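Next come two complexes built around chain A: one with chain B, the other with chain C.
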Partner chain A sequence: MNSQEHVVSHVHRDDIASRMGMWLFLFTELILFGGMFFLYSVYRFMNAEAFHVAAKELNTLIGCFNTAILLTSSLTMALSITALQKDKKNLSIFFQLITIVLAFGFLINKYFEWAAKFDHGIYPGSDTLLAKESGEILFFGLYYVMTGLHGLHVIIGAVLIGVMTRLTIKGVITKDSYVKLESAGLYWHLVDIIWIFLFPLFYLIT
Partner chain B sequence: MASDSIAINGNEKEPSYLEYGGKGRGLKSWITSTDHKRIGILYLCSLLLFYSVGVVFGFLMRLELIAPGRTIMDPQTYNQIFTLHGVIMIFLFVIPGIPAVFGNFFLPILIGAKDVAFPRINLLSWYLFAAGGVLAILSILLPGGSADTGWTFYIPYSVRSGTNVTFTLFAAFILGFSSILTGLNFVTTIHRMRAPGMSWFKMPLSIWSLYATAWVQVLATPIIGITLLLVAVERWFGVGLFDPALGGDPVLYQHLFWIYSHPAVYIMILPAMGVVSEIIPVFARRSIFGYKFIAFSSIGIALFGSLVWAHHMFTAGMSDTGQFVFSILTFLVAIPSAIKVFNWTATLYKGSIELGPPLYYALGFIFLFSIGGLTGLFQGTLAVNIQIHDTSFIVAHFHYVMFGGTGFGIFAAMHYWIPKMFARMYNHKAAKIAFWFLFVGFNTLYFPMFIMGWLGMPRRYYDYLPEFHIYHFISTIGSWILITGLIIMFTNLIRSLRKGKIITEKNIWGGETLEWHVPTPPPLENFEHIPTITEGPYEYKQNEEPQLEEVK
Partner chain C sequence: MHKDETHQHMHRYGIYILVWMGLLTLTGVTVAVAGINFGALTIATALIIAAIKSYLVLTIFMHLRIEQRVFRIFLVVALFFFIISIVLLFADYSFLIKS
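Let's turn to the complex of A and B:
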């Protein structure tokens, strides 16, 4: 670490600014996904029938299960912050670890789901998919791209929480200075909320 | 004035940001520094490096077009060169130009803060910028050659082209990320770190325009991020989201692209407008005319500018209602820009004008930007648009606003602030001579494009009919004059860093904003004590006798 930074960080600590920066970043993430939701809505409007047929191929049960996992992980994330605020460091670390475990649970589920689709020959460029109607090709194209990008965010979020756990153990994140953990939590809730929209759009509207 | 700065600093003079290197030495003290001033200079150096590459490509392109048929390169090389020229100039020069260099350096000083809100993220954004730039340059060297799609990456060609499009896409993606981080940092800094007493309407106008710009950076850039990513995905996996054969719609790509890329031109122009708003009152020795109108017009431009994107696509297929709405909005966005131009000229009226070099460039901005802005309205008119769509008319328009506007704005900012940054003064006479070369060269280069575009010369064409020869010929001559001007200007500025007259006074031009109240060059922490602001930024009443004589 540079000594200059030291001078500045001692003089200046602004948790509100940190939170504000995080919220702005979350806006950019929402807009990033917004571009794809935009594509989804246009293509759904153009191919309502085909989207209806294609959505039946997805396994609603796995989707439900994953939704439950993510919602629970958001809860444990929130609990870990509250635990830290009440100065229960170990409890907070425990909840953070649970969150990470749930994140991996989600990814494993996703893996099986995608693998099953691949087994059925449904993946971009496959003969089975290309034989279908163009609306269905678009549906699965969007499905892979959107859930894929969301999956990437789950991985980033899990790594981020891992870093926070380390910082909590080292005592950098404490009862009086928890804005980092809070920001990681905000990011995690974002990952959650994007899924909350992906789930009905792909699985439930059939 | 010199004694003044010593008195305030007391016996121990604080080290300037140029002297204090932190733990590192030499280059390391720069590339590991989180000081906003050093990061600004990192940006300045890398930016000028990329700019010179962009200029060389532009020069080669013009040289090729001096006569019909093949002159110095084959058509494929020509396609790659105009693509690189566009990508480098837009993503590596004009977009980061003022915010990343002068915004980073002066934003905290102008609002009375010691640094930006997130110094480390600031450094990260420079690293991303450098990485993006390297990636763009790398695409030239690798087998396959650099992209030949034009900077717009229009589908389907960008998916089918065998060149290194993916590299260029990722370069643009990373540069977008860098731009987002800068914007995020500035919004937070402006909200949280203004000095006590600096209410929103006591902020200098350049801060208003940086604020509007930062919001556009934050809100528009992610769209281009996802769009470019989707093109890359399309190239790798052939998902078909934009491929008509698989049910996709290529026009949707154009929509997504312009949803960012139109607001992006306001990311480019707004900060330059801010610089002009700083320079005009200082050299007219008057407080600015219509402060609030200029401030709100920045916000207005950002707001309306985000809603006009489809005017790039009038010929691409759109409903009549859509065309009508986008045309109307395009006309509306001209109003805030015009408000600014009128207010600047009103500020000059009856001012005690001191014709310093920065004012030359600022006036150049107003003149060229007005031509660029008005010809933009031609294109917003639906019927006229069909005649001049995709002709060199649009190339001329774009260069009048982006080079004549933002480019001259950047040059004005350099002549205004570089003496403050490095405590050395350049040769005023050379700066003015360079201006005339630039100004004459610029008009000779781009004005013929308006005429030939009107007559039907398409843009991006490698070859042309003999009837356009004279215009292309004049235009190429113009490019030589312009480049001569650039060489004189940069030689003068760079030479001044070593041999220019040393400046010790704080207030070089007689300005009233905060950067002229700190020592030259600014100390590490900008202010020993954070100032309390009691009046607006352009109150010239105590400034009856400008102290310009000593500097000359």
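Let's turn to the complex of A and C:
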């Protein structure tokens, strides 16, 4: 045990720099999604009417439901960090697991939403879609790319939180060393913020 | 810099619950308001509500309020350049479409 303590005392840790690194990464995400929001805004500016017509196809109720799910998962993520800071390890693990469950709930909803679109013949390159006017094709192209990329982020976030849960159980993430959990949380909240903008821009423009 | 910085760097459960309720309420507002046509202001309203929600997430959930100032400066710089790009983009496009 002595040798371990010896090693631990020499481990260099800089939590602020770790969080800063995460924030810098999040800024690159801002550029990634930002570019798509630019594309959306220009196409919508040029095809305002078609975007309104196309958006009527989207299910606002599922959109609302998914917004509530994602906001709640952000809450449980934040709570899991506070729980750990208060040295309540099991409560923290519980909140992390709830966050993962909510992430899957979001993805299941997304699956049903996309499946319904596919059933109506609306998917990239389909005859039904290509028969529509160009503005509507652009709308659905952006819809699939942007919600798809966001969905990918939800999957990555859920996996990341899963890894953090494992590390918390194993005692790597503790009351005194939780910057990994914080960084995963930052990523998760960013996914939430992106959805906060996607939701009104796609589901609420009818 | 505070001596007990690690203790400064935490929120209580209560504020998270409050922010969560605020976020859900704002979602309700944005859905309710979407049905009303304010003309050009419709999209502005939606974006302002989304911006308020993001502000809440950034400051409370993402701890920016209790984080060191340099984090806030970084974010402001990033957003500043983001906004510059979108302003220049629209300066360009509104001109192209008129001509």
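Everything that follows uses one rule, which is that the second predicted complex is superposed on the first by the 195 of 206 C-alpha atoms of A that agree within 3 Å, B and C clash if a C-alpha of one lies under 4 Å from a C-alpha of the other, contacts with A are read in each partner's own complex, and residues count from 1 in each chain.
Here is the rule we go by: a contact is a pair of C-beta atoms (placed from the backbone, for glycine too) under 8 Å apart; a residue touches a chain by one contact, two chains touch by 3 or more.
Please read all numbers here as calculations on a predicted model, not as lab measurements.
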Per the contact definition in the header, classify A:I16: touching chain B only (first), chain C only (second), both, or neither.
both
On the A-aligned overlay, A:G125 touches which partner chain: chain B = first, chain C = second, or both, or neither?
first
Looking at the overlay, does A:N47 come into contact with chain B only (first), chain C only (second), both, or neither?
first
According to the stated criteria, A:F38 is in contact with first (chain B), second (chain C), both, or neither; which is it?
both
Scan A:F27 for contacts with chain B and chain C and give back first, second, both or neither.
both
Touching chain B and also chain C: which chain A residues?
16, 20, 24, 27, 31, 34, 38, 42, 46
Enumerate the contact residues on chain C facing chain A in the complex.
10-13, 16-17, 19-20, 23-24, 27, 30-31, 34, 42-43, 46-47, 49-50, 53-54, 57-58, 60-63, 67-68, 70-71, 74-75, 78, 82, 85-86, 89-90, 93-94, 97
Given the complex, residues on chain A that touch chain B span 2-5, 7-8, 11-12, 14, 16-18, 20-21, 24-25, 27-29, 31-36, 38-39, 42-43, 46-47, 124-125, 130, 133-135, 137-138, 141-142, 144-145, 149
Sort out for me which residues of chain B touch chain A in the complex.
20, 22-24, 32-35, 114-115, 117-121, 180, 184-185, 187-189, 191-193, 218-219, 221-223, 225-227, 229-230, 233, 237-241, 246-249, 252, 256, 259, 524-525
What residues on chain A touch chain C, complex-wise?
16, 19-20, 23-24, 27, 30-31, 34, 38, 41-42, 45-46, 60, 64, 67-68, 71-72, 74-75, 77-79, 81-82, 85, 182, 185-186, 189-190, 192-193, 196-197, 199-201, 204-206
